[in-house]
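Read through the structures below before going on.
Each of the next two complexes has chain A plus one more chain, namely chain B in the first and chain C in the second.
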Partner chain A sequence: MDFDGARGSREVVELRLQIENLESRLATLKTQLAVAEKKDILTKSQDDFVAKPSIKPGTEDSHGALDFTNLKRGTLTEASHSRWPLQNEEYTRYGRQMILPEVGLPGQLRLKDARVLIVGVGGLGCPAAAYLAGAGVGTLGLVDGDTVEISNLHRQIAHSTATVGMSKVDSAIKYLSSLNPLVRYERHPEHLAPSSAIDIFSRYDLVLDCTDRPSSRYLISDAAVLTGKPLVSASALKTEGQLVILNNPPRSPRDPAGGPCYRCVFPKPPPAESVLSCGEGGILGPVVGVMGVLQALEAIEILVAGPIVSDASNGTVEAEPARPTLLMFSANSQPQFRSVRLRSRRKDCAACSSAATISRRSLTSGLLDYQTFCGTVAPVDMLPAESRISAAEFSNLPSDSRGVLIDTRDETQYGICALPGSINVPWTGDAKSWAAKASSLEDVARAHGPAHVVCRLGNDSQLAVKAFQEHTERFEAKDIRGGLRAWREQADPEWPDY
Partner chain B sequence: MAESTSIPLTIEFTGGLELLFSNQRKHKVDLPSSKQSPNVADLITYLCDNLMKDPRKDMFVLDGTVRPGILVLINDADWELEGQETYQLQPRDEIVFVSTLHGG
Partner chain C sequence: MSIPKPPPDHCTILYFAAATSYTKKQYDHLPTPFHVSRLPDVLEERYPGIKSKVLVSCAITVNLDYVDLEEEADKDNDGLLVTAGDEVAVIPPL
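Let's turn to the complex of A and B:
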């Protein structure tokens, strides 16, 4: 009896175990099925989008889109071979985020299946890429044509002293691979060009604009609209940052329910002379870091939320209305964050409206010149040769012929390094009042010989010399050509190169 | 009574625009209102003539409106949602001028 009883209970335990195993396998399959079904809806809507009459059949673009869907399906089949949908290591690696109800297994599978393109691997792109790689985004594409410079390292955390001189894309991939080798990294070590943007964007699900100039922002927005990709865009300068999610939901051009694009918000580019780069205006590392991390967060939220789910009972797709916002961050303001409502799609937008004039063809054929559209600041060259002196010539002048030396950089830069005996009169932009102020200074008024004017790169100093000539009586003023950069090259190699 | 009225407003400049306004972000402005109720276009003219000491007016205003690259926010919403220049200002409205940043 005892023997039989023991055998009986062992059988019960084994049967229970088998049922448990099968049930857990069934649960996994159901989850995978749900994900696969949602994926199918997304794929179909993308196919619809590609099939829109405005897009010429047989171009490389539609070919790219086909490759993209095949790839996605391939990944899913691959995953369903094993007993668990993720590799064992992935449960451990991503467990801390997977146990969040917002992510869960379906969210993690969507991340794994996602293909994200990061354009610009600098102060924004480095932290964004790090967090997306860490989170287990399946494929990360990186676009950047620059090489790593030592002045990047205070904020571009994926690069290192050892990778100075290396392509930013390769430097970042080196860092990211050691962070998470399970991610597939795709190299695009070139500047994004209109001719290739559509082809590249077509191969991804979502795009991050981590670039640093208006021309690339318009190009990225146009390409995102034309390929139907949501766009997470950020920027930063000095102690401030801005974040906006564009073309989300990424409806086809002409569908007003889609999110606005960059051109809807900024139909005209800013005057080139109003645009400051990080090299000119400065940037605090954690400020641009915050913005890049926020881009990663927004990307994860979009990917984990998954595609729009159809209501199976009546077959209609529920349209989630776009609620576009601009998030502004300012390190020195209280509160530091502020979110404001933006407009929806513009009825006459050149990219995303029914009146759109920008097409795949206008990008791929090179008809659109984004540089010209955004303008460039021509180097200042306004003075006759006799009003200029080279840094080498100036350094060879006997000290009694140097006259007075005026430095027009701001107080902060002047405080970093200044030529002995120079007088700091920061350029204000107002020629008349600047000339009045400079000529009223005792050291300037008393000086014998010409006033020499120097600045960082030799632009403001020319404006200042012209101001002297036009608004004061007695001054012979000369510009030190090429500013303190030329001074370093021609006269003093130890001059700080900030 | 009509000639002495003014509308108290909070004006803020960000994204580098504060440099054009004495390097000060927040300004309390009492906008004179000889008309029934001034709109945002009137405010921009007033700011340009009275608050802006920097002579580079075209860094703020171009072709009669704010230059491209500046967002105008009326009480935390894009002014395009509120009628742009024609929005009639109300006492204690908060108007923010944001210059877009491009660095990264």
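Let's turn to the complex of A and C:
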């Protein structure tokens, strides 16, 4: 054993120990130097193309840019006083990932030095934040204007029954702080707005898009391009998910070697009426969870790898245009994961090309309206009053005046709860074929009195009543205003609120 | 569900997300060859309305590579041809 062999001379042992200590101190200093040098190069190359942020000194909140500078200085001073670059607890806490050659001490120091912004603290943002906090990312900023609802909890793992009603940002920080108190958490308990996006993004190194609607995806992508930040973007709905790393490397908008942005891949937003939220389309917890975990993985890989010193900066080799992959996950397909190669930057991209029309000014001044760009869906209100009946009135009708009751929700929702005697004719989106199908049903054709139509929220049922009126002989059809939600509020408080 | 191989002289069209909902299918086998820029018209014939309701915002890949339909249309006859055995994916933003 080593101990026995070394027992011979106490002096030899002591000298060896001293050498070992000095060597490890030297190794640490070399690592710190390498990290500092690379950071220097990155800062310089970013300064080359990122215009100075238009923040006036002294106007920041407590998490402003001034704070950031002090923090960095503080970390360095602290490290130089200690024998080791990390605190003892950090070696223990992060040891399992630090012993991976892909991470090592340099990788851990880069994570500690990193500032990551997570936009959206829901199904994607919760697992992403948890793994990034666990991994020891130095600063995590969280943006979300919503409060925790009980219907979030099946997938939004940082929130809990006890934090229902609390702001999602505060609820997540409560969870994350108990997971890892060594991380600095920054609160942005608001919806990301074009006017503030540039200011907020400027304070971070990397951004995660964990939101759930097209308008925020375009805004986040534009702001990431304008501030020169790589963007890890994911989305999930029903049983499917998508993951893509955009604007990486984050070159200046005129440089075709930079990674494409969201607009390069999806230049046209989907028609507003086709966009489903998780509340409308449904979402399986592990599906969105897997996508959020993958976002954390990609973020860690980018941060640990450190800044890429491109050949182009040496003036020798022209950098190849970056073409990222889009990873698609589909729980019900075989294989579940597919990955396709995307395009390089679009020559006429509105955000990241030399023909770009989107500027910091167009965001901060509010000239760009993302809601208008993506379209909005006005609540359906298409029927005259005589074709509608309130849920309360309907519940008070004697049973022989109720006529026939048609429920236009899909079979799955109808299977969760249905009104007694109702007939399920799922709305198809096509008025003529739906009306033909509904009126051909024996129970509908035979029924005396009006057809009452109900759905979940009272939109499809109006379309269905109109379809009846326009495409069938049956003119007497009435919409139950506000659907089954109104039924619950006005007639039956025990009705399932799914 | 795994996707079967297409019959001779056919390609496979894979549908994702909103494209699956609209076609109510995970895939189609379509006769080849055709210019990829014609894909929206080919699908519109089978699924009326799909062009404006779904395809307008989709990313299209052929054999796992992104294809810009407008750029391909500008190339006229030099545009990418979808041939037998090719796999085309219709990918709406999620």
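Assume the second predicted complex is superposed on the first by the 443 of 498 C-alpha atoms of A that agree within 3 Å, B and C clash if a C-alpha of one lies under 4 Å from a C-alpha of the other, contacts with A are read in each partner's own complex, and residues count from 1 in each chain.
Definition applied: a residue touches a chain if its C-beta (ideal position, glycine included) is under 8 Å from a C-beta of that chain, and two chains touch if they have at least 3 such contacts.
Model, not experiment: these values are computed from the prediction.
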| item | value |
| --- | --- |
| Clash or fit (per the criteria above) of chain B with chain C on chain A | clash |
| Touched partner set for A:Phe266, first chain B, second chain C, both or neither | both |
| Contacts of A:Pro181 with chain B and chain C, given as first, second, both or neither | neither |
| Which of chain B and chain C A:Ser235 touches, first, second, both or neither | both |
| Chain A residues touched by each partner, larger count belonging to chain B or chain C | B |
| Chain B versus chain C as contact partner of A:Val288, first or second or both or neither | first |
| Touching partner for A:Gln334 - first (chain B), second (chain C), both, neither | second |
| Touched partner set for A:Gly95, first chain B, second chain C, both or neither | neither |
| Partner chain in contact with A:Cys210 - chain B first, chain C second, else both or neither | first |
| Residues of chain A contacting chain B in one complex and chain C in the other | 214, 217, 235-238, 240-242, 265-266, 268-271, 274, 326, 328, 330, 333, 338-343 |
| Interface residues, chain B side, partner chain A - complex | 14-16, 25, 54-56, 58-59, 62, 67-71, 73, 76-78, 80-81, 96, 98-104 |
| Chain A-touching residues of chain C, taken from the complex the two chains share | 1-3, 16-18, 26, 52-54, 56-57, 59, 61, 64-66, 68, 89, 91-94 |
| List of chain A residues in touch with chain C within their complex | 214, 217, 235-238, 240-242, 265-266, 268-271, 274, 323, 326, 328, 330, 332-334, 338-343, 346 |
| In the complex with chain B, residue positions of chain A that touch it | 120, 122-125, 210-214, 217, 234-238, 240-242, 265-271, 273-278, 281, 283, 288, 326, 328, 330, 333, 338-343, 428-430, 432-433 |
